[in-house]
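The structure appears below as structure tokens.
Each chain carries a letter (A, B, C, D, E and F) given by its place in the written order, and its residues are counted from 1.
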């Protein structure tokens, strides 16, 4: 069975996002069409292994900051480049929306890579931002995402309300 | 004097965003290097001229909704394609962050188009999302943006704090 | 053995095209380097499963028509994006030439995806359109196509007459 | 007034196509937003200035043929690369449809360049191939094309019947 | 008269290269189709204005080095992105060949930007590397380059010997 | 175990380059993540199988030369297109530097493909050209390259001196 390498985009700015990220990761790990070992998870690829939310002082020095910014960004882009599909653990309708993830969705769309936005089951009826909803190849709920065949990501028209 | 066509990305989800959008538009109109008449402003290009926040009932019908979503999105992409530079009126550090705009920034970056993120003067020291800060060719304050030469948008390393 | 996902471009506007399409599909199904189940065949992916040649009345309504056009097109583009190689069942030298297929060949070429144009054995000496002949990575006859290794699609200079 | 460089795609396989090509060229020459002198017309850029329909014997020699094919194709691609907008003089609903032009439309679409398909006034109601109709940024009649502002080519949803 | 913005690629590793660079710059400055003020010259855009050949000690510190490398590279890419045409001051047939310039030529070629390789008049008969000779849109001598119309860079087949 | 198809860029202009090329090829052949049979080696794909360094007289005829140049180049580009990863056998710090390989590195970088520059172990401390060092996804020594997992090529910041 062929497997795809996934760029696992996610947010961890509040509890709901973190919980959703873990659920999506679990589903990916169990998915037989996901090459989990060769997939890219941003949190594992920060420059020098330094998480700046835990080590904010690393950014105090001008050159350390410049090096961290340029290289952590470049790491993520290399993760996009190396992956076949993007999976975006996304929680619509909340305040701490993550525009870094939206940037990555736009980037992969322009590159011509298939993308899946996964939303929590209880947010399945939330209105979504037009560019996210229509830019993604598919928007699915977590339940729909389970055991999805990731080698076959064809367009699924979004049919909920957008803004 | 040569002029560039601008994709004018913006948000209008709260008062601060709307005010900032107007300030950025005003600066663009006055900028001699901006070809304002041939620039693209998303609010002017919704499918059939229908603003769905004012006419939510247009989205009630399944096919109207599908037609509006696909074509308003495609309008915006055509605006990106037709433009030389992207200008993003962006308000960091707030709750109603706009991920549609972030999608467009990622899209233009991957396409190889220069982009400028313009932030309000009083937000000049706010930490910014890594992908936005480093993905953009330049991040500038509104004051710095005034009279900027838009024909010459070279990389300006971001030197504030990111998250 | 590694397999590739194929975008199976074809025409069905006359009997000769339909027959050739079936022959190419049969060859693909039997080809051990083709991941047939995850390959994309346009006829299986029309919006809402509606074939407009059989249900022309679906296009009578303005919004149904707009939704069908935008989404069937977008489906096909997603099929291109998800595939590794394009295979084009092409019948040169006839009147009902299909320019939709030619559009897709140009699209995949510009995206940097390998493409194979397959022509019927008895048309192997027909002059071909320059852009098709030289744009494709390979032009082969149906016999040559049988058991071709689709994981290895390197340039084969076209050596027949063009117009 | 800013002007755009146009890739002038056209066909000359029958009288109707040739007549339409001339009409589109005339309209472009008169259009103040078209930089006619720096626009690209395929017929003016064949390898060594040799038109193979008039000099078919040039293709008799294997190496002359290979050189002509590769370089005339590459000339056209360089014309696409050097242009800002593609204009396609297209006659729908006829037998001698030109798939070279369709290839170029797909190529420019994938590259992210704006494209305009111009059809004769009396073919304004003809059904069109889906990929051409939806792939192009705009489909217009010759009358609509006159004096169109070519610096501002935003998406215009196709609203006729497709096949 | 319309002007193009040029990415002015060059080498300065020996006297012959430096002399040739100056000659090409002089020709560009005098060329009425070159928008010299908005063109990009790599030597003017090193990180923090620091030329590391003159200030090698700046690279001693790990983070300064990382910041300089990432941002000087990103500056050059932004110069490529912002330009319409690449002009490469290239001296074939010598030992201190510059592969940084070759990298940039490949990059612009893949992006679909026109490129001109300019060689000294007395090197007009030198054999050239295949990828450089055929990858470039045009290879011209300095004399041919003078007063060339840079808004119209169409393919010119290379007709000298390659290796 | 999944395998990747490699574009095997190399130089053979002096003994050191040839020796290094053989070492890198040997490492690739033994690497279980390399799909060696479907990988592309430029020396095996010259037009008509003709190596022009051994048969320089083939280039004497104008049309043979034009055909060889255009098609050998196009072969190499098709090799790039068909591959998942680029591996560049590169010897820094010497006179016979190969700018064809640098062109290919720039090309793959702009296309969004992962690239690995492999240098001989005894050149691990040589300063490198900025564009090569930072453009590549990874720069590694031959020892580090052995048994590297080629399915997972994420950015590795270059930390040596550049020029």
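Note that in this section contacts are C-beta pairs under 8 Å (C-beta built on N, C-alpha and C of every residue); 3 or more make two chains touch, one makes a residue touch a chain.
These numbers come from a predicted model, not from an experiment.
S.K.: Going by the contact rule set out at the top, which chains touch both chain B and chain F?
M.R.: Chains in contact with chain B as well as chain F: A, C, D, E.
S.K.: Any chance you could name the chains that touch chain B and chain C both?
M.R.: Both chain B and chain C are touched by A, D, going by the contact rule given at the top.
S.K.: If you average the CA atoms of chain C and of chain D, how far apart do the two points sit, in angstrom?
M.R.: 22
S.K.: Whole-Å distance, chain B centre to chain D centre, using C-alpha means?
M.R.: Chain centres of chain B and chain D, defined by C-alpha means, are spaced 32 Å apart.
S.K.: With chain centres taken as the means of their Cα atoms, state the distance from chain A to chain D in Å.
M.R.: The answer is 40 Å.
S.K.: Mind pulling the chain A residues that touch 2 or more other chains?
M.R.: Within chain A, the residues that touch at least two other chains are 2, 62, 66-67, 70-71, 74, 111, 157.
S.K.: Return all touching chain pairs.
M.R.: A-B, A-C, A-E, A-F, B-C, B-D, B-E, C-D, C-F, D-E, D-F, E-F
S.K.: Mind pulling up the chain A residues that touch chain C in the complex?
M.R.: Listed in rising order, the residues of chain A that touch chain C are 2, 112-114, 137, 149, 151-155, 157.
S.K.: Please output the residues of chain C touching chain A within their complex, sorted ascending.
M.R.: 2-3, 5, 35, 37-38, 40, 45, 47, 67, 71, 74-75, 77-82, 111
S.K.: Provide the residue numbers of chain A that touch chain B in the complex, in ascending order.
M.R.: Residues in contact with chain B: 52-53, 56, 59, 62, 65-66, 69-70, 72-73, 76, 95-111, 129-135, 157-159, 161-163.
S.K.: Where on chain E is chain A touching in the complex?
M.R.: 61-64, 66-67, 70-71, 74
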